[in-house]
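In what follows, chain A forms one complex with chain B and a second complex with chain C.
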Partner chain A sequence: MTPAGARATGAAAGSGTAGPSAAPSRAGGPPAAGPRTGGPRAGRPGRRRVRGGVPPLLLLPALAGLAFLVLPLVALLLRAPWRGMPDLLAGAAVWQALQLSLLCATAATGVSLVIGVPLAWLLARVEFPGRRLLRALVTLPLVLPPVVGGVALLMALGRNGVVGQWLDAWFGITLPFTTAGVVVAETFVAMPFLVISVEGTLRAADPRYEEAAQTLGASRFTAFRRVTLPLIAPGVAAGAVLAWARALGEFGATITFAGNFPGTTQTMPLAVYLALQNDPEAAITLSLVLLAVSVAVLAGLRDRWMRST
Partner chain B sequence: MTGTAGGARATAGPSVGAGEETAGGPGETGAAEGGLDARLVAERGTFRLDVALRAAPGEVVALLGPNGSGKTTALRALAGLLPLTGGHLRLDGEDLERRPPESRPVGVVFQDYLLFPHLTAVDNVAFGPRCRGTAKARARAEARAWLDRMGLADHAGKKPRGLSGGQAQRVALARALATRPRLLLLDEPLAALDARTRLDVRARLRHHLAGFEAVAVLVTHEPLDAMVLADRVVVVEDGRVVQEGSPADVARRPRTDYVARLVGLNLYRGEARGHTVRVDGGPVIATADDLTGPAFVAFPPGAVTLHGDRPTGSGARDARRCAVAGLESHGDLVRVDLTGELPLVSDLTTVAAAELDLRPGATVWAVVDAARARAYRA
Partner chain C sequence: MTTRSARRTRRRLQAGAAGAAVLLALSACSSSGSGSSAERGDSAGKAGSAAEGPAGEVTVFAAASLKESFTALGEEFESRHPGTKVTFSFGGSDSLAAGITGGAPADVFAAASPTTMKIVADAGGTAGTPVTFARNELRMATLPGNPRKLSSLKDLTRPGLKVVLCDEAVPCGAAARKALDAGGVDLTPVSYEQDVKAALNKVVLKEADAALVYRTDVRAAGDTVTGVAFPESAEAVGDYPIALLEDAGNAEGGKAFIALVRSAEGRKVLGGAGFLKP
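Here is the complex of A and B:
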């Protein structure tokens, strides 16, 4: 049945490039789809086998792009010193850097949640003049080179910074070149991811639930805490994971604002960069650890949150 | 529960009757003591809402109007979700207009219920009491009692997505009632239901509203809901009250084309002289009522009979030449839209329609039964 149909359409397409309407009317049914999607080139027999009809001008760059993204990761795996890895991983320096990275990224995510979610709520739910400008400012760190962010943080919170001098004089708090400074730098870079994600979720959520809560006697804060927050929890979680991943990989702002002291401010990315200069094998190993963490995060995101958002 | 006691009643005095000019009729309910006394003025862009509302405790008032007439805006203003730009709002003698929604003794049943999807039915109902300071265990016990009263005891643990439309509606009603409001607002309470459920839910809602001791205001564009559920109907068009009265009165004596269409009557405005009314356009309609001066004439489509040829005999004098504009089937009746000197709507049996060979464009002769045409003052 199908081969006969296909042959019939083949004949139609082959003989009658002149009449496009002839093929469907004569053959009918599913087999006609082949020549029809083939379009003007329906006459060439080989074309008909590509069901989706992907033009090579799109397919080749697409494959090149895919290779470009995947190849470095494959190379990393190929060149990894698998044999010496246990020893390298057992080294105190790696653990120190990894611990510090995880701790700081988690702390930065926590800070981002505490101040970023309310900021997202403000941007999404409250009408005030200059809101668009404010949103642009909030997203600026997304596109700002992180090193610039680090310099800006030094100007603001450095020992002689606009705010930093007072922090130092009044409270004796010094942020630059401390572990807290790492958290500050990572928060600065990572929080916009959270704010954007949460604000988007808030905009998609029906604000009338908050109104319903208000008519039931809830203050706006209670309505936010007991109704809105549970409703946008998936968006908050996704934003938090994005922010965490961004914080984990933070390099530029961290090294500028917090420096590179093993044990206190040397996070994994800094350790990788440093190791690459004296001990490439260690750098590869550290990179693999970060890659594993990233893959784990991505897998977690996919399974839990990406589908629903 | 929020205090609505006598202390605030002292403020009731000064501006009673500020909204009189917009009220269709005199407030037959003395709102000075208890109940609702409001004049809601709100502006949104070019739209202006100016509606006076009064209701005694225990009364159910329906705001009936087409989409965009401002009835939902009025409801939001009552709930405090929309600021008033003028007028006043008093409930049981207490000024509410400056109070935020969370401290108004008002309960709202939203059109699509807005049950919190992450909470079970019982937690949805307990939400209000919890927010008003009731301890968790007690709030849940109260919520269970409310659900029990709504016949939903078996569904207390379900999330909203596990409830049918009718059940969700009852949970929403229980949730609104659980805060013991002095004013219950219902926004199109039956609109989200399919036809079959609607019948059942309407009957239940009527039962619950009848037992509600405070003021209930319900917004609807469905005349049947208003007629069945409300003690009084306030018709709102384009932000203003155009008619107000008992459901029977509004149904029998419509005062605008919108209401006439809703209740399915032919309506004309004209000048009455004895048993006839001269419609503004010129044609004269014979009526059953003796009246002089500006008047409305209303009669049901069933009072209009159609003839293929100009009738002879008694009805001949009143026969009007019309053209069929459209036909629509209504159960075993056919509703015929007629154009001519006097635009008419006529109901006739399917058999009669077939015998007359009615089709758009056909010419027919229409006779209005004077005994069923009622005239009343405009």
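Here is the complex of A and C:
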């Protein structure tokens, strides 16, 4: 009964609602399968510390990794033109670009949630031929250079694209050079992060809770909404944060698909790149602004959403 | 009907593939500069010991608009001087200049504007005075056959027309601004692209109706765009300077390459690509 009990607290921590209240009582049903699935999850609520100190073989590479990631950012801070910064930040263009960046990254995360979570569910829970291929296709934008992604988007959704020409002819919608185009480009690049994160969480989550809900009369959609979704909420939150961060820094696909016009499609990374062409100091300042905003948002979200992971 | 749409799709795919190839080549080139430093040290030693003509690897940083003509001249150089190898890094002049002042290993720098060359010269990066080896003029790149019948800069301001320009931070954008100011034309583009090939590709892919690019870019794009001359372009003719770099690992090879670019043969290749004589 111990593993089931641990699982019950795990589920409660993930949901906190009355939704999966039926689940623990049913989950204790088949005890034979208990230790197999319950094993790793039983350790989750109480985090254990490593006993006997950290082995140097782990500590040294860990510190090297940390230094490697942090050093470029420290260098950026060291070389920042602090004195000229107030003048640079007084310009409206910076705030316009920042506002657009935040808006588009948030919209892209929203779109990713609406279509990405169901896609992750499909990949994790439904057996169908070609599922492995589909899974590989979904992760393709991760390995595709973003510029190529932008060209591919133009081929598909551009004014003259495979689908885009009909969007133009039937609805008068053209995506390139519009803010909506920025959202499309960022979603294309960022959504795989969300899908992978949510799919991983779904596969680790016990499907028997959903099955239990269904045997109690819930439809598959209700089971997803009331049982699965609360259960995987931390994974969804983590995936959304990842996707948001990726979208905020997106450059290649955005400039290729949506172009670059201040106030419409010029996000911060684009402004940074173009400032780098003739005013490196402005570029450093812009980078620091983007960095500060991302750190503030990510730190805030981490404390709020990801404490349970 | 089916065959025509199939042909259209194929042509579109070809144009797309060409666009993708250009973009890939640009990104590949920008990273190629740093990797070759080890080989270059070796080849520089060889060049020093063998006094009878250039040898080893010559690394040339050149503006994106020089891609076609310099690639041809590089092959010519290699066949004239057996044992040499010319490695190019094509890109936006400003990023190349930033790379050179940041210590990227190169022997020769050919820029699309005197301003960008000045960045390198001011940082003490050039050996000797840069010389102008070619000039380039702006053209309107329009969809094949110029279906909108564009003939002047003023026409670009027509409502419903999507025009892309280069960002003013890069030479083609600065030239476009000069020409537009000279013509007194108040044009709002849909996008300020990061370099001239990006601006051209928007027209090649039919996403934009027109772009202001160089004559040479129109020439290189073949029949995927139609170039239209306009009177104001005379106000914004761009000089292309070339210079040997101070930190050249293969100074002799670099000098020989510059000589080839400025020779009658070089003029011919550059002229064929649409460049004007200096």
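Operating definition for what follows: the second predicted complex is superposed on the first by the 224 of 309 C-alpha atoms of A that agree within 3 Å, B and C clash if a C-alpha of one lies under 4 Å from a C-alpha of the other, contacts with A are read in each partner's own complex, and residues count from 1 in each chain.
Just so it is clear, a contact is a pair of C-beta atoms (placed from the backbone, for glycine too) under 8 Å apart; a residue touches a chain by one contact, two chains touch by 3 or more.
The shown structure was predicted, so the numbers you read here are calculated from the model rather than taken from an experiment.
With both structures placed on the common chain, the touch criterion links A:132 to neither chain B nor chain C. When the two complexes are overlaid on their common chain A, residue A:276 makes contact with chain C while staying clear of chain B. Of the two partner chains placed by superposition, only chain B is touched by A:208; chain C is not. In the superposition on chain A, contact of A:83 is made with neither chain B nor chain C. Of the two partners chain B and chain C, more residues of chain A are touched by C.
Of the two partner chains placed by superposition, only chain C is touched by A:255; chain B is not.
Contact residues on chain A toward chain C in their complex (touch as defined above): 145, 147-148, 151, 154-155, 158-160, 162, 176-177, 255-256, 258-262, 265-266, 273-280. Considering their complex, residues 206, 208-209, 211-220, 222, 226-227, 230-231 of chain A touch chain B.
For chain B in complex with chain A, the residues that touch the partner chain are 2, 79-81, 100-104, 106-108, 110, 114, 116-118, 127-128, 131-132, 175-176, 179.
Put simply, chain C touches chain A in their complex at residues 9, 12-13, 16, 19-20, 23-24, 27, 92, 94-95, 98, 162, 164, 167, 169-170, 189-194, 198, 202, 205-208.
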